[in-house]
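So, here's a batch of structures to check.
Look at the two complexes coming up: chain A is in both, with chain B in one and chain C in the other.
Our next item is the complex of A and B:
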């Protein structure tokens, strides 16, 4: 199947999933038959308002968080040369959660925006993980990287869990955020996310050649005139920013960065130039579908997106671990 | 640490046995417990138990006041004073502090404290009631049982008679409210939480005769009583009257102003969105608390022209 046809198929999946998700909700007057007209024609009805003001921002958030996290996962797997690397395995997601938990709990951080705290937490956790694994010194040890990620993630989550024991309203706020509940996102949160996604796609495309060469090993990269440390640093920075920006809006959605690049490699091969658009589309499709499922699990009440993603992702992680020929 | 607590606990219970010849057998959510006659050192782990003790003029020695003493409102401190020791949060009270108070009775909540029931029982006889997810009726029944446990049956039946008269009076002031649907909810800035018909506030509102647009679920878990809800879901329920308790300012609902789905809610259109004291409504339950809620309800209905 030609590459273009495969992309078109993926786009079709994204659009179909988004339209289906837009019809799901508590109101009974929005169906597949009228969703397109509600999207395009402003008839002043409440159904139109529900679609445009509530459901569309949410679906867009799911879409672009999926794009960002999948691209972050792709970059992390490339720079670590480890197919199991992803934001949640490397502790970056959990670090972002800790940032938010601290902002909620510590009074002197009250003025700092949650988004900033999430990005700081993500960057710091990533930095610590990479430092433990020797990434800052030049040679990255894959096994140490995963173990360091587990340690950083466990430490961060232990601190987050401590906040559950605090006052009901504080803990409810943290839980709401940590379980990646996107049911009340607003339009204002969507636009920056879209900007980040475009930057992410562009950055990943620019780095794609570097990722390809990196896969050949450090010696080969240097022989081909590419500084592996530079590619690694840029790739990790890209992943941290994309993760932070997404986590700031939606909370720590787990496993997307692991599952999507993995699946895409089956279908699109190892070439990162072909993989970047595929992973972006695949990530978007997966999260839009997961969001649709999150509306249905306990209808008419919501199940947080993070819970649904973990239910999909954890078994896949197990499968990937058991079938991986080479972990390090 | 466990040993110390256990030993302290054993000393406390031994003391309790020595000092009281008789014990009162009390049935509660987790079984039957012998409570020494007329316990004097009582530790309570939910605000509604403060309410029950205050209703019969008994002051607890320890309260899980979430480490903030002003959570115990004046209606209670007027009766129980302010000599209690804080034993930490309701969610995870400090066993060490509880044991150090050498209580002869602990009163705990089914949802929050079942997991630490045996540790609490090692310290002192522990009674467990359904405060967090219980209804108004359950709150009154628990109050009566607590009064029995502390040997104040007579005072409580007198207080309950007074309570019923007062509530009937409030009910009369409200008039016939059948046909009017009402919904109480909490806005914490990131989400809104509806108190369902099976919750304390929901059952209190239906006691007054209000209708509800929510369908009651069978369960008695926290998420059945307190239901997180989106604007879309709220617009489908669309009750006549909205009673809002805000823990954050501005709240999430303030951000919704201007959105057609919010502006077209019946309660918004008719100006029947009312703010009440969130703490009093959502955290306090019981004889005294329900009278205060009823009074604010009368205030609300006075603003509604029918």
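Our next item is the complex of A and C:
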């Protein structure tokens, strides 16, 4: 199958999943048959406003959080040359959560935007994990990297849980956000997320050649005129920024960055230039589907997106650790 | 005096010191909290002497907590020491190989599916969960030769699967039920009473005694499989028995105090620094260290910002995660060099 056809298929999956997800919810008058007309024609009905004001922002948040997290995972796997790396395993997700929790809890940080705090937290957690595992200099021990990430994640997460014991309203706010409940996002939160996603796709495409060369090993990449440390630094920074931007809006959604690049490699091969668009589309598709599932699991109640993703992703992580040959 | 006696004395005095510290921290932790109670009042109350007493706060609220902290800390530490010896992995602990998460999942399942069952079933169910998690990890380790770090990685992955289940159950339970198990699961002694002590004390004591009986065999096991077999030990059977004992100890403590991450990792390492690797000394010292750590964490959690309480489990994780990294870094360099 030519590459273009595969992309078109993926786009079709994303669109179909998004339309399906838009029809799911409490109202009985929105179906696949009338969803398109509700989206395009403003007939002033309540159904129209439910779709545009309530469901569309949510689906778009799921879509672009999926894009960002999947791209972050791809960059991390390329940078660490470790098939198990992803933002949730390396503690970056939890670091971003800690940044947001601090911004919510500490009064003197009230003016700082959540995005910025999340990105700072993500970057700091990533730095600590990499430093423990041997730094960006090249001698990254793969299993140590993962275990360091788990420890950094446990530490950050313990700090986040610390806020549960504080004031009841604060703790409820943090708990809802930590379980990645995106049912009440607004349009204002969607726009910056879309901007981050475009920056992410662009940045990943620019780094794609570097990622490809990195896979050949440090010696080879130096021979080809590419500084491996620079690619690693840029890739890790990109991952931290994308993770932080998503976590600030949707909470720590786990395992997307692990699962999507893996599945895409089966279908699109190892070339990062082809992988970047595929991973972006695949991440969007997966999270839109997961969001649809989160509406369906206990209909009419909703299950937070983060929990659905953990239920899908944790078994996949176990499968990946058992089958990862390069780690043994 | 022979040199052997010197070492013996040094170890004995260290153990005595540790026991004294544990006792002191337990008494201190009885006194701190929303209502501060001075030491002389505590002693009066405990020994029922003349003078000021605080019977309600001390006997009904704080004493069961402290007793549970000591029980759970000792059990987790023993469990960690045994697991580290059996799978010869300095990174191993009941938390890392997934026992804690497995026990937590089954405990939450029991609470949400059969809320009317008497609390005595809780430790049993938690043990089933812990055994199934440990079983998966051990099964994998049985079929593949794994480096210590890789085994820890698989344990972490198994733990994540169980934790995802716990998250699902917690979030889907109705709001009123949500907060109680959540606080409990983060490893907290909040709201624990004598009922929790009475369901857990018998299994913990029995299995702790079993662990201490098996110490001599643990020493033989540490000589290597071949030597242990030569000395008449049935190694696979012994391993299985020891792991079962360790799993039960950890699971029962999860059933009553929730997940106290990293205690089972830290206590044996600290104890090994103090008294060396001989299990006759290591096991009791680990247990004392675990008791000291958990009762300190519980006391600190209440002392930081009364009347708020910080879960002991959170404090343990804040302390334990850096400790884990430290152990990982030193183990790796030993292997390299």
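One rule holds for everything that comes next: the second predicted complex is superposed on the first by the 322 of 328 C-alpha atoms of A that agree within 3 Å, B and C clash if a C-alpha of one lies under 4 Å from a C-alpha of the other, contacts with A are read in each partner's own complex, and residues count from 1 in each chain.
Convention: contacts are C-beta pairs under 8 Å (C-beta built on N, C-alpha and C of every residue); 3 or more make two chains touch, one makes a residue touch a chain.
A quick note: this is a predicted structure, and the numbers were derived from the prediction, not measured.
Asks: Does the chain A-based superposition show chain B and chain C clashing or fitting?
Replies: Once both complexes are aligned on chain A, chain B and chain C clash.
Asks: Who does A:215 touch here: chain B (first), chain C (second), both, or neither?
Replies: Touch status of A:215: no partner.
Asks: Taking the superposition as given, does A:152 touch the first partner, chain B, the second, chain C, both, or neither?
Replies: second
Asks: I'd like to know which partner A:11 touches here: chain B for first, chain C for second, both or neither.
Replies: Neither chain B nor chain C is touched by A:11.
Asks: For A:162 in the superposed arrangement: first (chain B), second (chain C), both or neither?
Replies: After superposition on chain A, A:162 lies in contact with chain C alone.
Asks: Touch test for A:141: chain B only (first), chain C only (second), both, or neither?
Replies: The answer is second: A:141 touches chain C but not chain B.
Asks: Between chain B and chain C, point out the one touching more chain A residues.
Replies: Larger number of chain A residues touched: C.
Asks: Mind working out whether A:322 is in touch with chain B, chain C, both or neither, as first, second, both or neither?
Replies: A:322: touches chain C, not chain B.
Asks: Which of the two partners, first being chain B and second being chain C, lies in contact with A:102: first, second, both, or neither?
Replies: After superposing on A, A:102 lies clear of both chain B and chain C.
Asks: Between chain B and chain C, which residues of chain A are contacted by each of them?
Replies: 165-166, 301
Asks: Show which residues of chain A lie in contact with chain B when the two form their complex.
Replies: Touching chain B from chain A are residues 25-28, 44, 46, 49-50, 53-55, 165-169, 171-173, 176-177, 181, 183-184, 186, 300-302.
Asks: Spell out the residues on chain B that touch chain A in their complex, using ranges where they run on.
Replies: Within the complex, chain B contacts chain A at residues 66, 89-92, 188-191, 193, 227-233, 235-236, 247, 252, 255, 259-261, 264.
Asks: Where on chain C is chain A touching in the complex?
Replies: Contact set of chain C toward chain A: 91, 140, 144, 146-147, 149-150, 152-154, 156-158, 160-161, 163-165, 167-168, 171-172, 182-183, 186, 261-262, 308-311, 313-314, 317-318, 320-322, 324-325, 328-329, 332.
Asks: Inside the complex, what are the residues of chain A that reach chain C?
Replies: The touching residues are 84, 132, 141, 143-144, 146-148, 150-152, 154-155, 157-159, 161-162, 164-166, 175, 179, 298, 301, 303-304, 306-307, 310-311, 313-315, 317-318, 320-322, 327-328.
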